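So, here come the structures, one by one.
Shared between the two complexes below is chain A, which has chain B as its partner in the first and chain C in the second.
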Partner chain A sequence: MTRRRWPQVTAGTAALRVVAERGSLAVTLGFYVIVVAVLAGLWRVAVGANGGDIAGYSVVAITWYVVCTEATTVSLNTRLIADLGRDIGSGAIAVELLRPAPVLGVRLAAELGRVLPRLAACGVVGALLAGLTAGAPPRPAALALAVPSLVLAVACNIVAQHAFAGVAFWIRDTGSAWFLYQKLVFILGGMLIPLEALPGWLERVASVLPFRAMSYAPARLAAGNLEPVLLVEQVAWLAVLLWGAGAVFRAGERRLQVLGG
Partner chain B sequence: MRGLLATFRNALAEVRANRASFLSQVVVMGVNDVVWVLFWVLFFRRVGSVRGWDGESIRLLLAVITCAAGISLGLLANARRVGNMAVDGQLDGVLALPVPPLAHLLLRRVEAVNVGDLAFGFVMFAWAGSPTIQRTLVFIAVVLAAATVMTGFLVLTGSLAFFAGRNEGGELGFHAMLLLGSYPVDIFAGAAKVLLYTAVPAAFVSTVPARLVENFDVGNAFLLVAVAAIFAVAAWAAFTLGLRRYTSGSVWTRP
Partner chain C sequence: MAIDVRRLTKVFESGRRGARRTVEAVCDLSFAVERGERVAYIGPNGAGKSTSIKILTGILHPTQGEATVLGVVPWTDRRRLAARIGTLFGQRSLLWFELTPRQSYRMLAAIYGLDRQREQARVADLADLLDAGDLFDQPVRSLSLGQRMRCELAACMLHEPEVLFLDEPTIGLDLLAKQRFRELLVRLNVERGTTIFLTSHDVADIEHVALRAIVINHGSVIYDDEVAAMRRALLSTKLVEVGLSAPTALPPIVGVSVLEHSDAAVKLVVDTTATSIRHVLDDLLERLPVADISVVDPPLEQVIAAIYARPKL
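The block that comes next holds the complex of A and B.
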């Protein structure tokens, strides 16, 4: 692996492994279909009972919204923080310091490689589900923007999870912290409920946190809202999160080298 | 029976050995469950009621399913691991013991984080279930029945791994049961609703028991007990038949 090619090689290898493990991919897709059916069903009934509109979302819009939020969630390894924390806490990550590539960079590339095939599969299945059960996307141009937004959403989430798990360099155990992180994305990221449907104060809190870049942004676009500024916001959050995760890992690795794993 | 009780006592002692970790995991699960309650509060605040379900009835449903999950995934933690253990050949130790293998397996491990579900469920019932002596007794009875359905279903789907050689079905069954059980079955219609009363009996781990607490009905109570018995027997049968195809994890027995 040359210095220049390690991100592509790492991500590509991880992606090929996911594609090769068809059983696991089938479980992911099966779970995705169930989640979408449940949540979209719930919201469709709710929108129907409220005169066909909740917080500006029609039945069609809310279905495409749910399809997107669930794709960004189901395609990820939900226990990434716990897995990372275990590797850091046990010192197993020390071996990775010997590689001629940054630990964080390799880990991010590998995780992104693992997520992208699952995201693509969920995206295709989700589009079919939404098209068949609710109807065509409300605004195809906005849906086109949702595609890069989906990739940015999972990238933001993966980087944030690394930054979050990086505290294991100091406290050694991230235990069940992933539960809490996941729930922040569920509510403040708009995964379970569109941010416009939250009470005003909570919506304002969510608007200044990075979680909305991880789920809400692509879903808002797929729901037919042509708002390219959401992509700009995602790129900005990605840069901030990369800086944060980088700072955490640099300090953590220094500590590991000084004190040992 | 004494052997099984001793096994369960050991499992409890093991999980309590690290008290700080045990308590922190219980608290984390409690916070996790609170977020679900928050979601439903926000949801019903926005949409009013949906097909007869409102904030109060959904809190009762959450109390039932968190208690059932606390028993099934917390106190009988290996219920969701049967498939992986079968595939990985981790049952050798159990088979050598003079105790019923499935019962021993289920009682041998307690998962601290899911014990938090159990605690949360009782707190939720005390808060939202308008507890009287009669309602509390019904609540405990339906929770036990719901936990039996859930455990039976998890063991049944996990035992398919004995025959398939893979555990994807068990994993999917686990996720489907937990997810579908967290929502009132009335939001579904047609074939999906039939599915939730049959192949993935999520209705019997949340909606049906919650309705029984709210409005006890002898017919539905018998139905719940019958379904629990069916899944318990089916799980035992699938596991016992599956054991005949089990291959040890020992390297000496691998082809």
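The block that comes next holds the complex of A and C.
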């Protein structure tokens, strides 16, 4: 009998938690529908008032864009940085050092396992919503690429949040870290507004930061832009973020082992 | 040897530059535990128990000294050691609240490198050993604390650890649940040869689980002997509680020391190696206005408290 890979089993077990929390999933989907309906409605009005185009996004395109950005946001655990920061700051994370598997690896696998079923549910509901309210996706081939891009987007976000929360190994308060992180994703990740609609200098700043991989990339694909290079960019950022989070956790664990929790 | 500690020291530094404080949490600590032993590792708050256990499990690096657990240096080979030890730290759960224990065991088994077949065999074995089979398929959130702790014990035993570190495992459990949990620990040790290393403030955990007690205070060992030897030390003292019908001064009596003295009662400790109970009782009845009198064995807590007050060995 072959040895099972713990990341897959951990993710699969974590996914079962979503099934067990059906009520919570229903609330999440309800919130998602409301937010998408409101934001997409606002954007449709704005695009319509601007002659049917804002920064290259039509009414149909911007609806599919919003469906995607909200899916990448709503499916995530909003308490991830706070919970992880609390576990690190209190020293409770030390117990996780007692397993023969890397702390960060287990946590990432567990978090991804929880997020993917929620993302899938939001994706299906969002696609139905966009199709019914705005029309078919502008380019089905691009939408097909948006599916793996959505997975990469939440993966990048989860890894980045772990890196941010890792500051708790040095400072106790991660509340400010979460606040700052959320705003960076909102603005520089294209969550609130497509990056093309930002002032030129801000768009250039956003183009060299990883936040665009967390929300903008799948949304741009779903909006009808067949740009496979976005997935390549996401994979590259995921690798960088994994390296960064790994470095933070390794340094943090060394600090924990020398200085105590 | 299961655990070998030699002159372990851990110093923590805190505070800002220019106002640094150092705390010597563990100081020149030395002891050894053979495989298959059941050891209670006890001490007052701040004695250095948690720090030394964190060092032995690889969570902390010592400042000085050496230690091995199952021949492995914990802080340099933490993951390899983790595969051979089990840990149950009372407040920290190994199980996911929304899922059944069996579902969490699947994940833990994969982390510890157990294939599916071995996992299923181990879970069945633990269900039988811990009499917990009917609990493994209920969501953890629906279990009582006592039931959950049995499932937690199964979780930390899944990979058949050779040494089990337990930190306050019975905290919060009711009397019956505690009794049952202690019996399970003894059974694990007797039937599977698992070395038990237990810290607890509950004296009953020490009395009913451990065969040996290592008492630590101020970062060092101050007592290391069989629990039975502790009990033998008790037999050389008796507590005499006297209810007084009127306030009175106490005359000195050989072999007797006063624990408490009020107008209504007096509590005495009698050293039975220096005098006899019969002689003391005769003396008290003759010289004091006795309304009531009882002779009891002093509780183990008292012996341990007296040990806590000792200087280090």
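Following the convention adopted for this analysis, the second predicted complex is superposed on the first by the 256 of 261 C-alpha atoms of A that agree within 3 Å, B and C clash if a C-alpha of one lies under 4 Å from a C-alpha of the other, contacts with A are read in each partner's own complex, and residues count from 1 in each chain.
In this section, a contact is a pair of C-beta atoms (placed from the backbone, for glycine too) under 8 Å apart; a residue touches a chain by one contact, two chains touch by 3 or more.
All of these numbers come straight from a predicted model, not from anything done at the bench.
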* Of the partners chain B and chain C, which touch A:54 in the superposed model: first, second, both, neither? -> first
* To do: Pick one for A:183: touches chain B only (first), chain C only (second), both, or neither.
  => first
* Looking at the overlay, what does A:124 touch: chain B (first), chain C (second), both, or neither? -> neither
* Applying the touch criterion given at the start, work out whether A:209 contacts chain B, chain C, both or neither, answering first, second, both or neither. => neither
* To do: Figure out whether A:192 sits in contact with chain B (first) or chain C (second), or with both, or with neither.
  => first
* To do: Please indicate which partner A:20 is in contact with in the superposed arrangement: first for chain B, second for chain C, both, or neither.
  => second
* To do: Using the touch definition from the top, say if A:37 reaches chain B (first), chain C (second), both or neither.
  => first
* Pick out the shared contact residues on chain A: the ones touching chain B in one complex and chain C in the other. => none
* State the interface residues of chain C toward chain A in the complex, per the touch definition above. => 12-13, 51, 54, 57-61, 75, 78-80, 82-83, 85, 87, 89, 92, 96, 98-99, 103-104, 106-107, 109-113, 115-118, 139
* Could you pull out which chain A residues touch chain B in their complex? => 23-24, 26-27, 30-31, 34-35, 37-38, 41-42, 45-46, 49-50, 54-55, 173, 175-177, 179-180, 183, 186-187, 192-193, 197-199, 202
* **chain A residues within the chain C interface of the complex** => 1-6, 8-10, 13-14, 16-17, 20-21, 92, 94-95, 97-101, 106, 256-260
* **Touching residues on chain B, where the partner in the complex is chain A** => 21, 24-25, 28-29, 31-32, 35, 38-39, 42-43, 45-51, 113, 166, 168, 171-172, 175-176, 179-180, 183, 187-188, 192
